[in-house]
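First chain A sits with chain B, and in the next complex the same chain sits with chain C.
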Partner chain A sequence: MATPSMILQPVFSETWAVIFGLFGLSGFILGWVAQRGNYCFINAMTSIFTTKSLERFGALLLLFGLTALGTGILTAFGVVPAVDQYFYNYFAGWYILVGSFIFGFGAAMAGGCNLSMLYRASSGYVQNWIELFGMMIGTYVFAVAIWPFQSYTMQAGILSTTSGGYVEYLPYLLFHSTSSLAVYVTTFIVALPLILLGVYFQWRTRNRWGKSLGGSTPGLPGIRALGSPGIPTPAETSSGLRLKQDVKDMLLLRKPYGTNLSTVILALDMIFVFLVGAGYTFNYLVITSSDGGRFFEYILMPLGINLFTNTPWFNDSLPIVDPSTLMVVMLCVGAFSASYLSGDFKIRIPKDKKRLVIGFLGGMLVGIGVRMALGCNVGLMWTNFGQLGYDGYIFLLGMLGGVYLAVKVQERL
Partner chain B sequence: MEDVLKIKEPDDTLDVVGESCPVPEMMASKKLKKMKSGQILEVLTDHQPAVDVTLPSLCKNLGYPYMILKDGDLFRFRILKVS
Partner chain C sequence: MEEMEKAKTKAKSYPVRKVIAPLILSLFAIVWFQFSKVYLTGADNIALREANFAIYVTPEQLQGYLEATAWTCYIVVYVGLIFFWYGLVRYVESKEVSK
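The block that comes next holds the complex of A and B.
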């Protein structure tokens, strides 16, 4: 059997200017929607352990499932070649599990995953500025103290695969093929359980809310009872009017986006990037962690310190001017625009200064964790579900473990 | 319940001004565990998503009634712990 190709070729004939523009647009949408939807992977996980609420975790599974479904169908129907889907599957190994655990712990302590850290920093949260700075320092600590050892285990295959790409592509693992049929079947094997589980988790949580006492929330919408199908009742009519009002309020930035609306838009954003970036080696969403880490390198440059020339990991890193860096910058622009235009932007400093220290230390762990795991919750976990790989599952497991530990530690602080 | 939340003075206050999610929810959950039934926790926050999403979610899951009072830029999110 022929070995699957590892050569990317341009699929569409966009110019680089168009590519940069589309990636910038995608980053802007990501920042805007995440800010308006208060989308936070960490929050989705902490609520499992603090309140046993699976609503937002269910939304995360929906996000992964919808992304896998979209990218899988585009590949299965030949719109995007399979090589684009598996090209950037990283080497799986012990470091993804350990790194995602450290990342989950650090992010939950600091108060934000790599996505929420960036959009909240852009909305004026000083805690997240500190976390971002901590992440830069953490990246340096990783580069000098951990990367040489990790790199050795990766090359030697110690608890690690020695190559990524199609080797970690689930259609290839399951069917020893990257054919359209193999991709099509695998897409449903991956996407359907995630979507169904996500819907079930949300239904279960809302069902429990319906049975609970609820609360008095003047000025805020309560939980809506489901109406029976058939002739519209006055209650249903008012629901329709309320929906129109909700849409109007969201468009005018008076009301945040719902979790599931944000989920669908973000999944579409990821699929959009996958499509427009086909053949360009970076058809995945923001690599916030490595860009964040690399900013430390650029900060030091004017001081005559060139990590690029003498420090492991940094000398392998990407140049600053690439579409993914632009995407991160535009993510911040989108988040700032959304927060400013909605009147939410404000410089916020935690009253308890201990939180700033925790933010810095948590940020350092975020930097170490994401570099060990070869990516963050966006660039590795979410993206990998769209790549039909299995690194995302490992990351999810490790991150859940780290978040659980952080919740327990927070309870004792 | 609403009257109790409105009239009664809070038994404990949690100031998470300047903090973002998941901190308000985690800290409130921690405080509530230490409180007795019938007591009121007041969470001070300026983080709109905590008021819109995470704190109501916490209360709904625990079955605790709550009330939100707007105080300038701040929100006073009152939670009544019930058995």
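The block that comes next holds the complex of A and C.
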């Protein structure tokens, strides 16, 4: 059997300026929607252990499932070549489990995942500025203290695969093929359980709320209205009007986006990047390499310090600039614009100064964790579901463990 | 009573932060572009000199980045200035009403 290709094949003929610009646009959408939807991976996971709510975690599973479905179908129908889907699959090993555990713990302590840290920092939350700075320091600590050892285990294959790409592509692992049929079947094997589980978790939580609120189910009125064709009753008419009012309020930024609406837009954003970047660059959403590593390097450049000349990891893992740079900058611009236009923007300094120290230390752990895991909750976990790999499952498991530990620690603080 | 409430809302001063924030965003965009042009281009040259091709970015890519950043900068600056003027007018109006 022939070895699958490892040569990228562009889908569109684009200039680099267009690619950078489109990645910037996707970053803007990501920041805007995450801010309006208050989308946070960490909140989704902590609520499982604190309020026993699976609503937001269900939305996360939906996000992963919809992403896998979208990218998988585009690949299965030949719109995007399979190589562009698996080319950037990372290595897998002990470091993903350990790193995601550290990341989950640190982020839950600091009060935000990589995505929410950036949009909250752009909305004026000082604690998240401190977390961001802590993350940069954590990245440096990782680079000098952990990376040399980790890269040795990766090269030697100690509890690690020794290459990524098609080796970690689920269609290849399951069917020893990257054909359209193999991708098609794998897409449904990955996406359907995630989507069904997500819907079930949300339904279960709403059902429980409905019972505890005496039958009145909170949630999206439009979804309930969809299931009732025929002559509208007064209740249906009022729910229709309410839906119209909700849409108007969301467009005028008077009301935040619902969790599921944000989920769908974010999944479409990932699919957009997957399509426009295919064959050129890492065609998925990514945050962490820029905000933790690259921006720390950038801050030091005007001082005449070039980390890329002599520091491990900085000198072999991080191009000076790539489309994710503009994506992260525009993420901050998008989040700032959304918070400013909706009137949410305000410099917020926590009254309890202990929160700042915890934010910094948590940020450091986030920096160490995401670098060990080779990516964050966006660039590795969410992305990997779109890549039809298995690293996302490992990351999800480790992150849940870290968040659980942080919840227990916070209960004792 | 309702009239008084309305008058109170009208008399409330427009927050200064809302006036300054778009200006800071515009300045950030300009600084970011200048930084990219000066320091990132310089860093790429150093990477080439040291033959470190793991981090070196090809001239086409770097030029594409600079071009996209320049356009983004124009958009952010123009939109930022529009919001700045709008905020400034609202701020002056609110001051006059409160007088």
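Basically, the second predicted complex is superposed on the first by the 386 of 413 C-alpha atoms of A that agree within 3 Å, B and C clash if a C-alpha of one lies under 4 Å from a C-alpha of the other, contacts with A are read in each partner's own complex, and residues count from 1 in each chain.
Here, a contact is a pair of C-beta atoms (placed from the backbone, for glycine too) under 8 Å apart; a residue touches a chain by one contact, two chains touch by 3 or more.
Since the structure is predicted, the reported quantities are computational estimates derived from the model, not experimental observations.
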Is this a clash or a fit when chain B and chain C both end up on chain A? fit
Chain C versus chain B, contacts on chain A by residue: B
Looking at A:43 after the superposition, I want to know if it touches chain B, chain C, both of them or none. Which is it: first, second, both, neither? first
Touching partner for A:344 - first (chain B), second (chain C), both, neither: first
Contacts of A:298 with chain B and chain C, given as first, second, both or neither: second
With both complexes overlaid on chain A, does A:246 touch chain B (first), chain C (second), both or neither? neither
On the A-aligned overlay, A:329 touches which partner chain: chain B = first, chain C = second, or both, or neither? second
In the overlaid three-chain picture, which partner chain does A:306 touch, first (chain B) or second (chain C), both, or neither? second
Note down the smallest distance between any C-alpha of chain B and any C-alpha of chain C in the overlay, whole angstrom. 12
On chain A, the footprints of chain B and chain C overlap at residues 346
So in the complex, the part of chain A that touches chain C is made up of which residues? 15-21, 24, 298, 301-302, 306, 308-309, 314-322, 325-326, 329-330, 333, 336-337, 340, 345-347
Could you please specify the touching residues of chain C with respect to chain A in the complex? 17-18, 21-22, 25, 29, 32, 35-36, 39-40, 42-44, 46-47, 50, 52, 54-57, 60-65, 67-69, 71-72, 76, 83
Considering only the defined contacts, which chain B positions touch chain A in the complex? 1-2, 5, 15-23, 25-27, 29-30, 33, 46-49, 51-54, 56-68, 70, 73, 82
Chain A to chain B touching residues, read off their complex: 38, 40, 42-43, 46-47, 50-53, 55-56, 108, 111-112, 116, 120, 125-128, 205, 208-209, 212-220, 223, 256, 259, 344, 346, 348-352, 355, 407, 410-411
